[in-house]
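Chains: A, B, C and D, in written order; residue numbering restarts at 1 for each.
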Amino acid sequence: MTYATLYAICGVVLFGIGFYGTVFCRHLIRKVMAVNLMGAGVFLVMIALAARTPSGAPDPVPHAMVLTGIVVAVSATALMLALIRRLHHQTGLTELPEQMEH
Amino acid sequence: MNQILLWTMLVLPLLLAALVVTRADSPILARLIAWAAFPAVLLALVPPFQIEVPWLLLDSRLGVDAMGRVFLGVTGALWLAAGWYANAYLANDARRHVFQFFFLLTMAGNLGVTVAQDGASFLTFFTLMSLAAYGLIVHDHRAASNRAGRVYLMMTIGGEMLLFMGLVMAFHETGTLVFSDLSTKLALSPLRDIVLGLLLAGFGVKLGVMPLHGWLPMAHPAAPTPASAVLSGAMIKTGLLGCLRVLPLGMIALPTWSDTCLFLGLLTCLLAALIGMTQRNPKAVLAYSSVSQMGLVTVCLGAALVKPQAWPVIGSALMVWVVHHGVAKAALFFGVGIAGTRMPTTAARYLITAGLVLAALSLAGLPGTMGFAAKTALKYSTANLESWNDMLAWLLPLTSVTTTLLVSRYLWLVWPGRHAGHGRLSPGMVIPWGGLSMTVVAGFFVMRWQTLVNPAWTTLAPSDLWIAAWPILIAVALAGTVILVARTLPTNLTAMLAAFRIPEGDLVIPLIATIYRLRRRGYRVTAVQLPQRSRRLQHALEETVVPRLVQWLDRMTRSLENDLTAGLLLVLLAVAMLLISMT
Amino acid sequence: MDAEWAMTGLIMVPLAAAIVVYVTATRFVAAWGVAVAMIQTGLTFWLTRSILQSGPVQVPLGGWEAPLGIPLYADGISVLMLIMTTLVGATSTCYAAAYFSALQHDPRRSSSQPTIQTFWPLWLILWSALNALFLSADVFNLYVTLELITISAVALIGLAGKAQALVAAIRYLFAALMGSLFYLLGVALLYSTYGTVSWHLLAETVQADVLTWCAASLMIIGLLLKTALFPLHFWLPAAHANAPAPVSGLLSGLVLKASFFMILRLWFYVFHPVMPVSAGWMLSVLGSAAILWGSIQAIRQQRVKLMIAYSTVAQVGYLFLVFGLACEPMGMLAWRGTAYLAFAHACAKAAAFMVAGSLMYMVGSDLLDRWEGIGRREPKLIFALALAGVSLMGLPPSAGFIAKWLLLNAAIGNGRWEVAAVIVLGGLLAAVYMFRIIGVSLSSAVPMPETMPIPRMMRWAPLVLAMVVIVGGIVTTEPIRLLEIGAPPIAAREVAP
Amino acid sequence: MTFQQWLPLLVVASSLIPGSIIFVLGEQQIKLRTALNLAGAVVKVLLVAIMLWGVSLDQEYQVRYGLVEGLDFALHADALSLLFVSLAAVLWLLTTIYAIGYLEDSPHRRRFFGFFSLCVTATTGLALAGNLLTFLIFYEMLTLTTYPLVIHRGTPDSLRAGRLYLLFALTGGAILLLAVVWLQTLVGPVEFSATGILSETDPALYGSLRVIFAMLIAGFGVKAALVPLHGWLPQAMVAPAPVSALLHAVAVVKAGAFGIVRIVYDVYGAEFCGQLGVTIPLALVAALTILYGSMRALYQDDLKRRLAFSTVSQVSYIMLGTAIAGPLATTGGIVHLVHQGVMKITLFFAAGNLAETLGVKKVDQMRGSGRRMPVTMAAFTVAALGMIGIPPTAGFVSKWYLGIGAAQADQWWVIGVLVASSVLNAIYFLPLIYAAWFASPPDAWPDERPRGRFETSPALLFPPLITAVLTLLLGVFAGFPFSPLEWAKLIVLQEYAP
């Protein structure tokens, strides 16, 4: 087992934990963190894979992708936080209501 | 020229009917209506002809033939007389124009029937006549009239349906609706008996053969007198005409139908006379008399079906019979109206009484009247039927007896001066009646020399006179006895006898009651019970099934549409897809 | 000018406009939007013509070839999607212009209601991202544009400002991000195996192995969540129903189609050879379930916008029938039908949401009970709704009919009776909810409560879009011909003998 | 495009264009609307007349437009389509006049007349459809355009009726769609041709063809109100009288019947139908419908409902004639398509007049109505007699041909059905006629409105009068050239050509 594979598995585990958190956590901030954890897991997988080139030199493309991904993650997180803040401001809620409100 | 006359005859009454609707109270129109049947009389005088009218209905044939001419003549004459009579009779009726309207329509139909030479146009005119006559029957709107009208309509529609079926099948069997071809080809068709059964039954309704006679004793008394006259004198003859048109007479013997006709005719002939004698309404008596007479006609038809070669003779005798019965019966009906009025003088009363008696006895076949001519003709023409010889030999005298008794009953009921009369005796009523009554006698002499008539009885033997006379004498004696005996009986017995009365229409009364009961029940079931039941079912559905379904859906929605389930499903689906791909 | 410029323009023009509008915060934002719409229309027209003439086009953006550059690719289906975007986008732009200007004068307006300045940049970015997505030639690029779409769409929902809308937006955002990350993980796996993200290259090298299947499952399922295929649709009704009037139509009509388009691309252009038939049928079964569930839920709703939103759940189901049917002899018909249905649904649904928005603006509520007799006041709008409904039900003459006809042909031609039955049943259920709205609105009862006058544009925009749907049912040969350009290699027996 | 191609399009457009313009016009532009309506109707009649003339001279009128492969939009004019389109054109004209009078001063006339025209457009399209697909398209269009007419009043009752109508019609349409697609996957695009196109089919497919036939009949049977698919029709009576008239005489019900005629003759072919053994079941269903409809009509208190059940019964005559097959029965069935239309529209016009002028809606309120409204009731009487099949009305001609057709096909039981139905017809129509003419009128009518110098307004009076006269003329002059009967014979000649 190479380091790269280990990293990749680690990334997948992180993704799983993040997924668990996103689904099962009720508090919105926790959810935001869990989503970011998922993202981190995916990025870890990508970076690990960049090392798997036959030549041994890291592949620049996954790096570029991770960078782009981070940008996306940052803006998404910002939006999430903005929305959560607004919801809290309006209703005082920190969790999404259980029942679907149509 | 003849064609123009034909079209005039058909269209004039319709046109007048339309005019009656639009301008009801024109005296000129009333005059015209009285003459509306005149072209028919003229047309009866022209030589036979036929025209093809392919665009009318289903390829129509119209025309006058030897047989139709007789019907046309007598029908036209009766309608003419009735038109005159009606003008006077209904002079004070506020709803006169309604009567006139239906009168004209019925006339158009009746005249049309006599010139129709194919099934479709026959049926058309026949229907027009039948339906329009309903308006005549219910004219006075009494409960009894309405009931009579309903019965009439039911039976008429039933008859129409039988005819429709019969004609459809006949057309299928023969490929034509033109009567002359139809009857010939029908004789050879495998379905002959069924087709003839349907057609004869259909025409039998109009003819009033038992057991299809129910409407007749109800409708005739209900209709205003001039209408009853034509109903009985002319219209029921169309049933006979129909039979004559479709039966393969003179071609082949039809044992089944001859037996049936003879049996039913005989039954009708005697039974109707008996029932008629119990009636209290003179018009009902006359109606039953018509039924009885038509029974006799049916017997003749039966006879002709036994022995085809006898048909020319029987046929011509039948023609005489048609004329005779039409004229005499109309005269008697007119008489009901006339006898009921206030007589201006005693002489007039005697004169009218004489006329009535004459017409009545003519019906029974009194020598010297047209009835005698007709009866003798029948006697001769049916003389040589092998198996039925005996029966007819005593039947004819017997009918004379019953007929005489029946007309005695009639005379007893209407005898002028016996009741306080009402209404004025107007010439408009007397002249047509007088004309017909005189024809009863004169007709004998006219017909005596008619070449049309069978030579067999032109050599009239003196014995014929006696043969015709004795049943009448017996019957008169019998009637006299009955009257005398009745006078001596205790009053309560008379009352008891009087209470014994068969209702007009006899058998049809319970039948109608049954039909109405069924109808009421049908209404209860379909309009009340079934909707109730379906409402209950719907209610039950809405109460139980729908809420439960909604509940279930709510539960499903709750457990399906939330973050947690979705998250789990996401993983589940991904795994499922992976597994599916790998297998 | 060639196709390259048109493609670039389609992405760049709205983006540039978004930046300008945001930075300058001009008072004439609506005018900018309309101008963009006009330019977009021209560009789409141009691109369509050039594609029809010369077939699929691939251009490296700025001359950089893959793997480093970002290539753009346009074929029949992507152009059809672009046309759809342009049509819905342009009418929505006009509608939005009228809506927001009307809202400013609305006395019922609360402080939390959206402002015109925030709508326009977001919408223009969304537009740009949609175009970019439909023109993307690599799977990572698809991810980026999809995220851009998600973020701007969520923000647009949030514009409504009410707590309900915020909750819906947050829920949508979480779901969407989760889906994206699934997808991204799949992309990572794919890249690790094949070393490329260009779907052209992937299509050539893809092999049936576990890693590929893992990647495919992750990507497809992630996208299913974003496309809201039953049973992953939980976020959709609230999000679409609570968004501001012009936004709902965009979400249902266009945003969903973006992720669906990605599935279509991946499935038919990349994974088709290596995915077993049964995997396709799994999607079709889910689609069938979606048709039934969505329709039933739509029937049960009391709010019109929710009804229309659930109708989207059902209609999305139709789109997924193709994955099962395409594996069979008459798959080509299913492919065409599905692409056309995506187009038809976008127009019809956007029109329906616009109508709902207008009427909701008029009476201040989208509760069906409050709509009694509304059609007597606003016949044009109800007429537009009815026309849109005709397409949703799949009745002639409408684009929806043509699409469903093709799908039905494929289903019956392949002996898939259960699918045919579902298609037909779905149409009937659609009729139930559509006519529920129309029936209520045409009732003679109840005097109308006090209402707001509707700006003229808010009447005409949905009507025009609804007319497009009807015209789409009559002028069909061109779109179908378009679809043949660069069509995927589906086992095809063209039409029945 | 040549004139031959334009003409079918023009015939369709002659109601489509006025209809579309009416939607755009204001509610208060009454004169312009009326003018448009009448102009459209008159133009349609003229165009149809030209076409009628042309077809009798063996001209071909056809236009075709491809939608998708295997999905052609085709209009063409053959003898059968002309029969139907003439009926639609003439009765549309009359109904338009009637509707103008009927809806005087009522709200939402723009919507009404708009959809009215569209409804006729759909019917015209149906009549001229050259293939099954075009037929289907117009069939669905008909459903959609009649819905607003059915719920025109907007009352809870009418909304419920509308829902029921849609439930039936759309379900029928769905079944139809399935059947059409299936048929097409088996044999390719289905064009209408005089003797059917399926007789060459592989015998292995006969089973499928039977099922498809059943589905097609079920689909059309919903509109044609075949029992047990008739449930919507009596409910739809809440619609305004001109709508009922159009629904029952020309548009919806007739469209279903026409569809069945097309299926049997022009898709399957009469002979092939017999070979498949599907005609007898169809005939049985039609017979059942005839009897059931009449039975139900017996006990209806509401006049229009009674007429509706009567329609259920009468329209099935067409199917019966079609199913019996054989030249004569076909003639009867096809000619009844026209005759029933003329008679039934008269009845509905008259019923509408009673309701509108006197407020009479129930059967027992009709007493004496003949004295108050003689012309209306005379028309009613003629039409009712026609329904019973009394000669010399049009109804008799139909029944006659059905009867002899049944005999020709050795289906004797059909004659029994015809007779039973006639009797039932008599039982439920004659009391109405009796009440109208022979019973005395009440002291006051339920809701009498003065309507000018005639018994009612002229626009209401003349249409039933004209159709009643037509009822008589069609029967009396059945043998005239260009009469529906002669035209039906022409169709039959083509159908049964060697």
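Assume a residue touches a chain if its C-beta (ideal position, glycine included) is under 8 Å from a C-beta of that chain, and two chains touch if they have at least 3 such contacts.
Keep in mind it's a predicted model, so treat the numbers as computed, not measured.
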Chain occupying the middle, per Cα centroid: D
Pair joined by the larger number of C-beta contacts - C-D, A-B: C-D
CA centroid of subunit C to CA centroid of subunit D, Å: 42
Interchain centroid distance [CA atoms averaged], subunit A/subunit B, Å: 101
Subunit A and subunit D, separation of their C-alpha mean positions in angstrom: 67
Rounded Å distance between subunit B and subunit C, as computed from the means of their C-alpha atoms: 79
Sites on subunit A at which at least two other chains make contact: 19, 22, 96, 100
Residue numbers of subunit D (touch at least two other chains): none
Where subunit B touches two or more other chains at once, by residue number: 557, 561-563, 567
Arrangement of touching chains [line / ring / star / complete / other]: other
In the complex with subunit D, residue positions of subunit B that touch it: 21, 54-59, 120, 123-124, 127-128, 131, 135, 138, 141, 146, 153, 157-158, 160-161, 164-165, 168-169, 171-172, 522-523, 526-527
Of all residues in subunit C, those that touch subunit D in their complex: 336, 373, 376, 379, 383, 386, 390, 393, 395-397, 401-402, 405-406, 408-409, 412-413, 420-421, 424-425, 427-428, 431, 435, 439-440, 442-445, 473-474, 476-477, 480, 494-497
Contact set on subunit C toward subunit B in their complex: 171, 174-175, 178, 182, 210, 213-214, 216-218, 220-221, 224-225, 231-235, 237, 274-276, 278-279, 282, 286, 296-297, 300
Residue numbers on subunit A that touch subunit C, as the complex places them: 8, 12, 15, 18-19, 22, 28, 31, 35, 38-39, 41-42, 45-46, 49, 52, 59-62, 64-65, 68-69, 72, 75-76, 79-80, 82-84, 86-87, 90-91, 93, 96-97, 100-102
Interface residues, subunit D side, partner subunit B - complex: 295-296, 298-301, 374, 385, 388-392, 396-397, 399-400, 403-404, 406-408, 415-416, 418-419, 422-423, 426, 430, 438, 475-480
